[in-house]
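I have a structure here, written as structure tokens, and I will follow up with some questions on it.
As written, the chains take the letters A, B, C and D, and residue 1 is the first residue of each chain.
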């Protein structure tokens, strides 16, 4: 039934745009924003669904509407969408925005500034620009997770699992993406501290499962017993690597690490087929980004009052391993923790500090 | 219809022809009217202005991609070329300053021409050739930039110009209009233009009539590449950062723009005005879907359906014998 | 009778430039295994194997050959479907969308971690039927509304990709049906059932292509559609048939991907389309139709998969892999069609 | 003899055109009915209606007295009606057997799978009828042109086994690309066919029609203008009925013969095209018309294509206006002032979907513009209009689509594409009259003659000896790729047709 509903929703939606909707949504800027705009990479991934959920809790708690825009990781698409929203008139609007790559960040925040709106960004910021020196009247903050730390902790876990000796292979995400670079920097740091661990090869898996699987399969053939571990920069590729290892009966014998802490991966960690993954609180990511944007747009917070550490910061993350995975799996996010009022007490309560120089 | 009009539009003989000829424009107007209905705010000059600014890179790609399609070929590498040239410009600016822009445009023309020439020499379909160069350009863009975003150096006059406005109109859009006028004149009043249409109508007959097909194909692909490079620079002027994949996703919308305007994929039928209309339609659909608050996935579905409807309405089937 | 007139004549090759290639190319699509008309594709494949083998000794190991075959299984299934469309001179771009849709549809219909459905093998049937229906819809729009197949399937690509995203539940569905996932896991002689399935499918497809009306008329349509119409054949029905086969096999490709990765992923089809078409063309299937076939496409798939494998094996710069792949596509296609070069040949 | 098939008031209307206007026709049992008419007179349309490819807009068709209406060629085949097409309708990448039965109701497939054994056996029977010794599972594109024509015939003859009772076999210009021996073989088959079928036979060649037919219908502008029994008429009367004017004197006499002492325009030395032509040497003077003739495969066409630069490889020396030249592509030839009208008009000469004017100005239109790049549409239109008038091209306007004109007018438009060129010195014509009716042919010949009088050199490959002798100043006969005989000053001392034929075979 649910399937049927979804299909019919899609058809109705499609027809609606052909025929023209009966209701208009033009949201005009008000004292208190009635809408929070959230841009995501895609709606069809667990991580982004949780981001949306977090932002939705915030919006619900203030009686605002949450509009979600997805780009399929196409920055141009988000540019057009932002253009369309601002074109309809959106002074004082609240945007929690995901720049698809660092190349687009500046363009997004400058547009928000030109349109008189406020914006928080997630993940991607070029090294040399910051909310306080670029479009500083509109760009409230950039919120991210510490990729270097993720790479380092996963790397050290791997080092430990292989007994400090042996070759590992690295699955990189999209090469021009900051988290990918950060996780690599972190891994290299771990390698330097674990001299017995060497990197056999690095390949680009574009965050994808199938690609991760194909590459891992080739590695198994190429390195055989030399392959002691796989470092995947995200959970998707890690799942692919595990699938390839399973084919050879090696799952659980060759440790695999990921990053994101998605529910599938947590289960694999529990079953022992995966070693670790950096669990990030995606609900929190969406909620804080939305709440900060709303706070400034509604006048609860003044941009000028914010310190640099409050405008460019990491959120907390925990390495999921076999030791803590049960707790993580059983923990259900409590909507009450993600209301605007709850977050407003201290937006930075779960900040892990300012983003250091040189990691983007 | 008066004889003069009949001469100007020889293909229009009945009301049906007229409808079909105006079909793409009607589709655009309908989409535009729908968008206005959803969000009257779009009619403000500032809104239209912003839209034109955003639309410029896609429009220039649509215009450029039209020329290979008029030959009956296809250029899949245009979007990759846009990313590639944006990366190269950003890398060259520290060395050459503003001169990097014309340098890259000339380089793009050379690469495009070589592509067109090789299609004829190797006798491989343009689909395959440009699929190969699509991989080549995106790989090189990744390699040259070391897979990083490259910040554009300050004071690059041509890019500053593209990012700016004249009397409130975005220069990027003015550039699109200038290219459109120039290429339209080229197609209508020069031998190159005639040869392109002849080639598209029947490559073999044109060849046997003395049309230099390798040259013409090179011209068309060179223009396509230059337009793509220009599109990449417009994008760069907006973002001020180049990324090796920044324009990759423009491939499909650009193709959609070409065909939604009524240009036949089999060649010889259509033109640049059609593409401009088609490109604007593609953009208006996206904008309309966004303003209407459709979820992203449903936008894709709606986009697909509108392409089907638009092409079904605008394809002039009498001129295309066998549809492939 | 006084035969006062005598007619001068052209050479047979010139007689019909409309079917110009036919005149020069003597050996052609014929029953039997000697069907790879040009040695180009096979030579490309062997040359590539030789180069990689000389660069890295591991390349020709049994384990690596198994890895190549495993990776080739899904692309091969998709390329087989695509072949039926390409020999008719049409093209189907909707592959990525259809495979993604099939993948996500299967993973929410079969026993999984998110929805309560458990249709078992029925899920596979539903998904295959969906793929078939989408393919048939493509073919119908193309053949009966006379819209170029490139456009129809381009639109369908977007539509199916959108539907796949709409079907995605809030969490990634993990496939719990152990029998299904076992398709990819349980090995016989070191190869999974997917590889055997792909080989069996190739065999069936080869029979269909050579021995049935659907296959033979498909070739004829690619060679000269007007003549086939003139013969009173219901060309449109065969077109719809070819697209339906393509849609169905692409759907199967999505299903097999699900078995491989064990989860539903609305982007599972990504990266299937262009390499799929490239594989067919590298193998010697012409985009203009009428020439090539299932076996050609299989060789093409092996060329591409071997290339990817070899680039990883030899440790080529990952950033440049796409570029190298692009060059190889161009060179391999040029090599496989070199013998067809003529001044009066039209290649679009 | 009773009527097997009768047509009453058959009309066919295409958008904007009335192709057939109330045709009455009767086909009796055991008879061969000849059908003649100019291009565009509606012959082919009539055949297609009988063969089930088109449906009539009005009128009634009766087979053995009962009204019939065929929705497809398959339905017509079931009723025992088969059509041999004007152009070859074989599909190159299918086997002979598949081609034989593609348009027939057969039981050679079960659940969509072919039973190849049965099909090949049945095919062999058909191939024996036409005395063709090829394996039924040979792909058609491995056959020679003549073999394919025989397969084409076998394709229709196979109706004999599939359908009970009397057959109707329609031949739409089957002889236009056949050699004399092949025509004889065809006629033998037609006479044999009369035993159990009725035949409708279309040809442009009146003597052929008279030789084979028992009765002749003449069509003109979609109307049935005359009916004649064999023996009541002669070619001249038929010509007049068809064209509406006298045949005699239709081609102008040669006024001033070319000056042979003038510098050669073209000198061909030892021209060799691998597999087609060997060591051919000849000269063309300015204003001279050189005719090339030979049986199929003799290489005449390859000579033309080598001069124009479209043969894939050739060796030997070509001098043009005293300078050695190397022509490797058509644009190079055009640059030298050489033009070429190919035999395959539809594929190689015409840009379908484009207007008459666009087709005429594609090559030399820019000569009338500015600086060779910018065009002057006004001036080139004027020039095109000028040639439309001079060559009497019948077109509603310059902007009419060329593929909607009749064959003769298409050919004239193609010709005038070259005549627009002020720098044109040599025109190569490859079977320029193929598919043209006698009236159009005479018009075209007069135009060519006129051009030669004005100093244009012409090399042409003709279809018949008659046109060779009528038009040429010099005739070159080719045999197996070599020059076998040369006849000079043809207009003053006409060679006998027997002499020419002897050199050909």
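Throughout what follows, a residue touches a chain if its C-beta (ideal position, glycine included) is under 8 Å from a C-beta of that chain, and two chains touch if they have at least 3 such contacts.
All values derive from a computational prediction rather than experimental measurement.
Among the remaining chains, those touching chain A as well as chain B are C. Comparing chain pairs B-D and A-C by the number of C-beta pairs in contact, the larger count belongs to A-C.
The mean-CA centres of chain B and chain D are about 43 angstrom from one another, to the nearest whole unit.
The distance from the centre of chain A to the centre of chain D, each centre being the mean of the chain's C-alpha atoms, comes to 71 Å. We define each chain's centre as the mean of its Cα atoms; on that basis chain A and chain C are separated by 35 Å.
Centroids built from CA atoms put chain D at 41 Å from chain C. Annotation for chain A: residues 9-10, 42-44, 70, 175 touch two or more other chains.
Residue numbers of chain B whose C-beta contacts span two or more other chains: 142, 147, 204, 207, 295-299, 301-302, 305, 320-321.
In chain D, the residues that touch at least two other chains are 310, 329, 347-348. Listed by chain label, the pairs that touch are A-B, A-C, B-C, B-D, C-D.
Residues 2-3, 6-7, 9-10, 42-46, 49, 53, 70, 172, 175, 201-204, 208-211, 213-215, 217-222, 224, 236, 239-240, 243, 246-247, 262-264, 267 of chain A are the ones that touch chain C when the two sit in their complex.
Chain contact summary for the complex, chain B toward chain D: residues 6-7, 10, 189-192, 194-195, 197-198, 201-202, 204-212, 268-269, 319-321. Considering their complex, residues 17, 89-91, 141-142, 145-152, 154-159, 161-166, 225-226, 274, 277-278, 281, 286-289, 317, 319-330, 333-334, 337, 340-341, 344-348 of chain C touch chain B. Put simply, chain C touches chain D in their complex at residues 1-12, 14-19, 22-23, 25-31, 211-214, 216-217, 219-220, 222-224, 227-228, 230-233, 290-291, 342-344. Listed in rising order, the residues of chain D touching chain B in the complex are 310, 329-331, 333-335, 340, 342, 347-355, 358, 361-363, 365-366, 369, 372-375, 377, 397, 399-400, 417.
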